[in-house]
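Letters A, B and C mark the chains as written, and numbering starts fresh at 1 in each.
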Amino acid sequence: MTKRGYFFEDFYVGMELRHAIPRTLSEGDQATYIALTGDRHPLYCSRPFAEALGFRRERVHDLLVFHTVFGRTVADISLNAVANLGYAKVRFLSPVYPGDTLRALSQVVGTKENKSRRHGIVWVHTEGRNQHDEVVLEFFRWVMVNKRSTEPPKEPSIPDMPEQVDARELPSPPKSMLPVEAMAETTGSRKRASDFEVGDVIDHVDAMTIEEAEHAMATRLYQNTARVHFDAHSMRTSRFGKRLMYGGHVISVAHALSFNGLENALCILGWNSGAHANPTFAGDTLFAQSEVRDVRAYPDNSSYAALRTRLVVTKNQRPGTDPSVQLPTAAQPRAYGKNVVLDLDYWQLVPSG
Amino acid sequence: MTKRGYFFEDFYVGMELRHAIPRTLSEGDQATYIALTGDRHPLYCSRPFAEALGFRRERVHDLLVFHTVFGRTVADISLNAVANLGYAKVRFLSPVYPGDTLRALSQVVGTKENKSRRHGIVWVHTEGRNQHDEVVLEFFRWVMVNKRSTEPPKEPSIPDMPEQVDARELPSPPKSMLPVEAMAETTGSRKRASDFEVGDVIDHVDAMTIEEAEHAMATRLYQNTARVHFDAHSMRTSRFGKRLMYGGHVISVAHALSFNGLENALCILGWNSGAHANPTFAGDTLFAQSEVRDVRAYPDNSSYAALRTRLVVTKNQRPGTDPSVQLPTAAQPRAYGKNVVLDLDYWQLVPSG
Amino acid sequence: MTKRGYFFEDFYVGMELRHAIPRTLSEGDQATYIALTGDRHPLYCSRPFAEALGFRRERVHDLLVFHTVFGRTVADISLNAVANLGYAKVRFLSPVYPGDTLRALSQVVGTKENKSRRHGIVWVHTEGRNQHDEVVLEFFRWVMVNKRSTEPPKEPSIPDMPEQVDARELPSPPKSMLPVEAMAETTGSRKRASDFEVGDVIDHVDAMTIEEAEHAMATRLYQNTARVHFDAHSMRTSRFGKRLMYGGHVISVAHALSFNGLENALCILGWNSGAHANPTFAGDTLFAQSEVRDVRAYPDNSSYAALRTRLVVTKNQRPGTDPSVQLPTAAQPRAYGKNVVLDLDYWQLVPSG
């Protein structure tokens, strides 16, 4: 009578899932998020700043929105997942405020059995909607899911995943803007779109060690129930011998670390792609590096631009200091060094000029 | 000048205690509660769902209410307690919302010295009241308290504890109801009263490991000051050699685990009885099992029923897998195996039909 | 491009710093604060009590205000600090409520190079202002900061630090008061100004062990980014071999422990001075002792008085039980025993009479 999640055989292209437990996000969730990540982006913690940009009040952190929507899908999609393989076309479409309620809906868009016949890949498209039924977030993700048995394979159906979010598909920027100096008083930086050049690399100087209680609290806050994060007793006999940190918490900590150096990256617009290159465990110390990949003007808004960066996160080793921090090349696109834990390619909002 | 709590000799039948520090509960307390337990019951985290059932907004979790009221009583009743022996007739009488302020009042209803002359049992009846002086919670509990000296014993006065909350004494159900499908969209389950049969056993598949920081944060949130939870320095020389987890946190974690399998247990109506069978420590992994004991219709409300279950919690061992997880029998009513930590008999609200 | 903080050479007398990231404090921050400290002072957690004293609602904890303002200054002032040397004339000037936004401004008031030429002392005066530009907090602090190079020294400029906050400079007390009995119902104590005599010592009976996750969460909540608290990887090669606890968290835990014995110390008015005598690490158990130093009437308000106490905090050793808990004498003003971690001299509001 207790739910053990779907297996590979249960998924079919076109399958629709309305995930349970709509979640009202509050000031309390935001405070807990800050306590667990150290995030300092002022759009999420400074009411006067958010109002000055034309928002109703401080926004719920975009990644808290992401994890909440993702958390809803776990019981249906990834309870029996072996690995989270990737994300594509993640778009943050509308601001979320404390008091808003989020629910999640998914559609299966592809399935492909592995050669081993023990697992298969499932591709889903997920939407997060608020209490007014507005889509606030959408994303594709694909996961490797256990099979229930070694039944003969289904016909594979492999979808084309968008390689990136086209700049034209990014959400509209805020209507209001602050003068450079006023913004710098809040964020601590005068940097604008023209200060970034493709190829620039920012080594974020800070680092953060994560304890077992911290990643578990974050993951419970999102009501994500994947057992690999919570059940140390079973994990002792897993191949890792211990609990895994939720990969989303790695993204959150790294995004918080990236504030020092990207203070005017005001909010997240979308992700092109993301990969959890290696697992992270309690006690690991995370380091972050950003590389500028693109800067795009908005067609009808001269106040803001979209900044595309690659966020690379390493554990127990500062990026660029050791051969073990090896990033993939065109020749070896998945050849991550063992200390690399995240490779995220995403768009953030920056002041233009 | 600092309070060291009452000893057995200080308590007498009829003694009234108005416990200090009324506590305003907020959205922040609720968020912290979710981060520490992973609770997903939608009445406490989904505003539209709570409104659809006729509540003003999402409710404060019933167990957060319980722990808050209990927390107020500790400085007066159980600072010198050796053990929390039991609970009876715990009734959740009125919903609590964020912004409400709870205070606690107790009356001593029984005392009985142990043969050793070093401890005695004290029975109290406690009420939690909100800012409008409405009783939102009542319960009996009995604790073993240290004596100050080996003075000659008082005359024992052993009260009759109610064996269970009679179904007629349960609080009234909500006035509104959702159609089956609409409820299933929120909770993820179509199960109703008629889907449960006495004797059904639900092995909740999830498990949760609790760290020192987590149970300490939970217990501080409730402003419970019992030193056994907080002072690792002194506890090193105790018989356990380390800190004990607050038994209430075990109840909260187990109740959160029980959501998977009892998704339509909407809120807690009352407890018949509860026993902390063995202590729990940081690092322990908790497992939960529910056994259906009764299903009762409400006389004047055909939309809801009351479901009585026995919630058994074990540590580091799944219930039913090992002789060490031994439950009491009629012949040996207190013979718990060493891995059993909680035995709770309680009523929850479920949709009828 | 990432900020590495100022070095000693960057500071000059008269330098003005407007620290970035105004912070809106919420009910969520307050709840997290309580979960991390166990604070029970009712002015911060009991709305009806705060209203009865004439406040708009429960106040943000004075120390949460302090840590938030302090946290804003770290990136500019103490990122390269070797040690926090002291505080003077800390004044809590106006209540802060959930929803208020705090920012911080500092002025450098002194600099003096050490003989070693590797460090120097910087004195700053800091103000915390709310969204209405009212000063809610002011303090002096001085820190030892690394030099960038061994350049020849600047002319020293050593300011006079106020030895104490004069009682006349303390903020005005609340306009309303409760009768003794009504206050005792909330706080649990009937003690008033006349119950304290200079020289009284209160050994607070409780103790609290702090875990790595707990002090890190507290420090992240304040958005304090000092790496010594967060980067276990780098700290392994430091002289301590591990992370340091933020000294402010020690103050918060000790103030929470001091409630038992000083229940009617309603809020903090100001600090005369404070010293972090020794570092604190995760796993340490904190003990607190208060010594009454002064009691002053308010000239125009006969309902309240100001109580000055010395709060001494020790680790892993109860104050007064061992020679290792040695406090400075007039002859040896800095001779702290190795188990003493905090020596704080501060003013709190108490009922008069």
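Things worth noting here:
Just so it is clear, a contact is a pair of C-beta atoms (placed from the backbone, for glycine too) under 8 Å apart; a residue touches a chain by one contact, two chains touch by 3 or more.
In this text the structure is predicted, and so the values were computed from the model without any measurement.
Taken as a graph of touching chains, this assembly is complete, with every chain in contact with every other. Interface of chain A with chain C: the two copies contact each other largely through different residue positions, with under half of all numbers used appearing on both sides. A rotation of 120° superposes the C-alpha trace of chain B on that of chain C, rounded to the nearest 5. We define each chain's centre as the mean of its Cα atoms; on that basis chain A and chain C are separated by 36 Å.
The residues of chain C that reach two or more other chains are 26-29, 31-32, 36, 211-214, 217, listed in rising order. Within the complex, the chain B residues that touch chain A are 26-32, 34-40, 42, 45-49, 58, 185-189, 191, 200, 202-209, 211-214, 217, 260-261, 263, 283, 285, 316. Of all residues in chain C, only 1-4, 18-24, 26-29, 31-32, 36, 75, 98-99, 101, 131, 211-214, 216-221, 223, 225, 227, 230-234, 243 touch chain A in the complex they form.
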